[in-house]
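Next come the structures, one after another.
Next come two complexes built around chain A: one with chain B, the other with chain C.
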Partner chain A sequence: MFLSVGVRFEANVEALNMVETAGNYSKHRRVPYLVEEDGKLKTVYVPALSGENLAHAYQEHLAREALSLNLPVCDDCRRGEFYKSMNRVHLEKKVSPIPGEPAKIEEAIVKACVVEDVGGFLYAENPPVRRSSAFQVSYALPVKSMALFATSEPQLHARHAQMDSSSKKGNASEQMIYYVEIGTALYGFTFNLDLDAIGVSAITSEPILDENEIKARRDAAVKALFRMLSSAQFGAKLSRFFPVGGIKEVAVAVTEHPFVVTSPIYDDYILKTERRLKVLKDFGEDYLFTAATEDRVPEEALKETVEYLKQKGAL
Partner chain B sequence: MPEYEGIVKMLRFFVQTKNLGYVDRIGNALNPGPVEVTLHEALRAFRSIRENATVGEDGRRYVEKDGEKIPVPGIPSEDEVRAFLDAVRSDIGVAKRVATLALAYPSRKEGGDE
Partner chain C sequence: MIPLPFFLKATMRPAGIVAIRALPQSKMRIALRYVPPTTLIGAIAYPLLHIAGDRSETVYEEKTFRSSAGGVLELFDWVTVKTLGKPRIQGALLKINTIYRGNVQSAVTSFPFAVTYGTNDILITAVYLINEEALGRSSYTRKDIERAAWGITRLGSRESVVSVEDVETGRAEVAEAEMAKTAYAFPFNGVEVKGKGTLQSVVDWRSGIGDYSKAGRMVMFYPEESVEVRGRLRTIKVGEEVVVLAQ
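Showing the complex of A and B:
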């Protein structure tokens, strides 16, 4: 089964994705964006969150959910350091001696770590072994109709240190000013999860784990997403720039085969997704589509999704 | 392109500190918009770096990166920036040439401050 979620969240004064620090200036990620204004197309630079940023948060939640279900997570992933068995040094912590065939290497990694099972890995040795991620996540970008109102702004802050009595004026660093660029926008992003890829070899397409463990891992993968959305624990600088706002809308589609919801950056994404799904039904494919907008909270839609997945025997 | 030497030197400084983002965005721009935005960002970052740079005994500014002293050149002048942006608006190829020069090995030993 394939899960696709469109999320809209409002974030005021956020520093969820900082890209570089130059001197005392730390900059928010920005991307070029094509918008239409008065019938003319133009490029504007808008604040954004990278997919990498969201994926990192998701995998941290995944590690936690997996552990709470007594599923295996390797030491690196437990710490939120997603090296993903990139070389011998990291792989040897999981399996020693390292097997010679790619399929055996993949099997060993998948068995040892849920994060690498779901999030994929690249073992860059001889032989190289690659496993694609079972989840996909887009950049979070301002909703198109409001992109021109999105903004990033530097905020001035000061850091104080106790003054050293011997320090002379001019070279004392008792105070340092710095700027943090914050973003404000209504963002949209898409998250996909291919439940059929979990616990299954990407090389042989055969299951690596028994059915119960696969179901438990899918459960962890779905819960991790819901936890991430519900808790708004994604992105950086939450300790002092926890975004003011929250999840405004979600739209979830569960299908037999891959199907991606229309991007939530478009205002009519829920309607469009529904129309696209109806065509799918004509092909005899069953699906669930549920959305949470104004009067429904996101958790309600997410709960309905879990129930549907259970009823279909996927969890 | 001696008329844009200040901008080239600034971009070259970013190249030397292994920050290729600005030079790539200016060199790969397809229209003047991104060049203007990138130059603005580069100047803003550069100012900040320059203010926080160490002043050496010879009075020149430098930053240390991986144990290497990299001199910080001067800030490009307003006139130069204006002339550059005007040139880019009439020919985007100017941006590519400036970025290319910034990536090239400097032809003579450069000082920090000026």
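Showing the complex of A and C:
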């Protein structure tokens, strides 16, 4: 089964994706928004969150959910360092001696770590072994109709140092001024999860784990996403820049085979997705569509999704 | 009479960013502005294999390995794409700090991609011309391929999520012509073009996909809106539109 979720969230005064520090300035990730006026292209830079950023947060949640279900997570992933068995040094922590066959290498990694099973890995040695991520995340971009209202601006902060009377004047700075660029926007992003990929070999197509463990891992994968959304625990600097706002809308499609909700950066995404899903009836395919907008909280839609997946025997 | 080939036309809405590396194995971070044919094949291969319950991505044959997408390659006689609107390549240089084995390191990086995000909607339409003989030999039906087209999830990297907004199917009329008007990308080989567009060197997918280090390349012309092409052309009509094929 395939899960596709469109999310709209409001984030005011956030520092969820910082990309660089230049001197005392830390900069928010920004992307150009193309404005076409009389055939001429103008760009306005708006704050954004990369898919990688969201993917990192998701995998941290996944590690936690997996551990709470007594499922294996390797030491690297447990610490949130997603090296993903990239070389011999990292793989040897899971399996030693390292097998020679690609399928055996994949099997060892998948068995040892839920994060690498779901999030994929690239073992860049000889032979190289690659497993694509079972989930995909788009950039979180300001919703198009409001992109021009999105802002990123620097906020001044001062860090104070302890006064030292013995030091000569000008020797130690008594305070340091720094800037953090904060963003404000109504963001939209898409998250896809291919539940059929979990616990199954990307080389032989055969299941690597028994059915119960596969179901438990799918459960962890779905819970991690929902936890990430309802707790708003994604992005950087949450300890000081926890954004004001929250999830405004979600739209969830569950289908037998891949199908993607229209990106929530477009205003008509719920309507469009619902209409397109009807086409699947021609293919004899069941699906679930559920959304939470004004009068429904996201958790209700997410709960409905879990119930549908259970009823379909996927969890 | 030559049977009319079956075509699929899938119209996609990007989620704002389309990241396609010009050289997948290279550290040279060059992004493509327009979608190359290999990406189009990969994009439809994923849902197609999913329908067949085939989860394989890599096929190992002793010391060589190929992408499983290669297994569905022969189902397509031709693939091409039209892009409504002009994406922009963006890739700011960024200074990043990383912690590696206990040491903080500073590095400069960039991650260029094509931006499809703006006041006007950018739509990407892919046309797949099906080889029905190969389809007949395969385990797939025409309905499977049509469902797969609705199931395209991304173009290129996993951040390049798209949604398929419409799928059109039909029979294509093949013709010879001296002049054609097209909005779809075509091989820039022995033709004259009147109109605006971008030339892009892409992997010739017909030589196999997966390992691009030795793959043949071809130059494709990606029109901006519609252009006039002259030469000894082989064209097909897909619905109301014209696609120029390779010689």
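In this section, the second predicted complex is superposed on the first by the 307 of 315 C-alpha atoms of A that agree within 3 Å, B and C clash if a C-alpha of one lies under 4 Å from a C-alpha of the other, contacts with A are read in each partner's own complex, and residues count from 1 in each chain.
The rule is simple: contacts are C-beta pairs under 8 Å (C-beta built on N, C-alpha and C of every residue); 3 or more make two chains touch, one makes a residue touch a chain.
Bear in mind that the values here come from a model prediction, so they are computed numbers and not experimental data.
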{"item": "Of chain B and chain C, the chain that contacts the larger number of chain A residues", "value": "C"}
{"item": "Partner chain(s) touched by A:43 [first = chain B, second = chain C, both, neither]", "value": "both"}
{"item": "Chain B versus chain C as contact partner of A:32, first or second or both or neither", "value": "both"}
{"item": "First (chain B), second (chain C), both or neither touched by A:22", "value": "both"}
{"item": "Touched partner set for A:144, first chain B, second chain C, both or neither", "value": "second"}
{"item": "Shared contact residues on chain A - chain B and chain C", "value": "20, 22, 32, 43"}
{"item": "Chain C to chain A touching residues, read off their complex", "value": "13-17, 46-47, 50-51, 53-58, 60, 65, 86, 88, 90, 94-97, 111, 115, 117-121, 143, 146-148, 150-154, 158-165, 167"}
{"item": "Contact set on chain A toward chain C in their complex", "value": "2, 4, 19-22, 31-36, 41, 43, 50-52, 55, 102-103, 127-133, 135-139, 141, 144, 147, 189-190, 192, 194, 196-197, 200-205, 257-263, 265-266, 272-273, 276, 279-280, 283, 285"}
{"item": "Contact footprint of chain B on chain A as seen in their complex", "value": "20, 22-25, 27, 32, 42-43, 45, 179"}
{"item": "Residues of chain B touching chain A in the complex", "value": "19, 21, 31, 33-34, 37, 41, 44-52"}
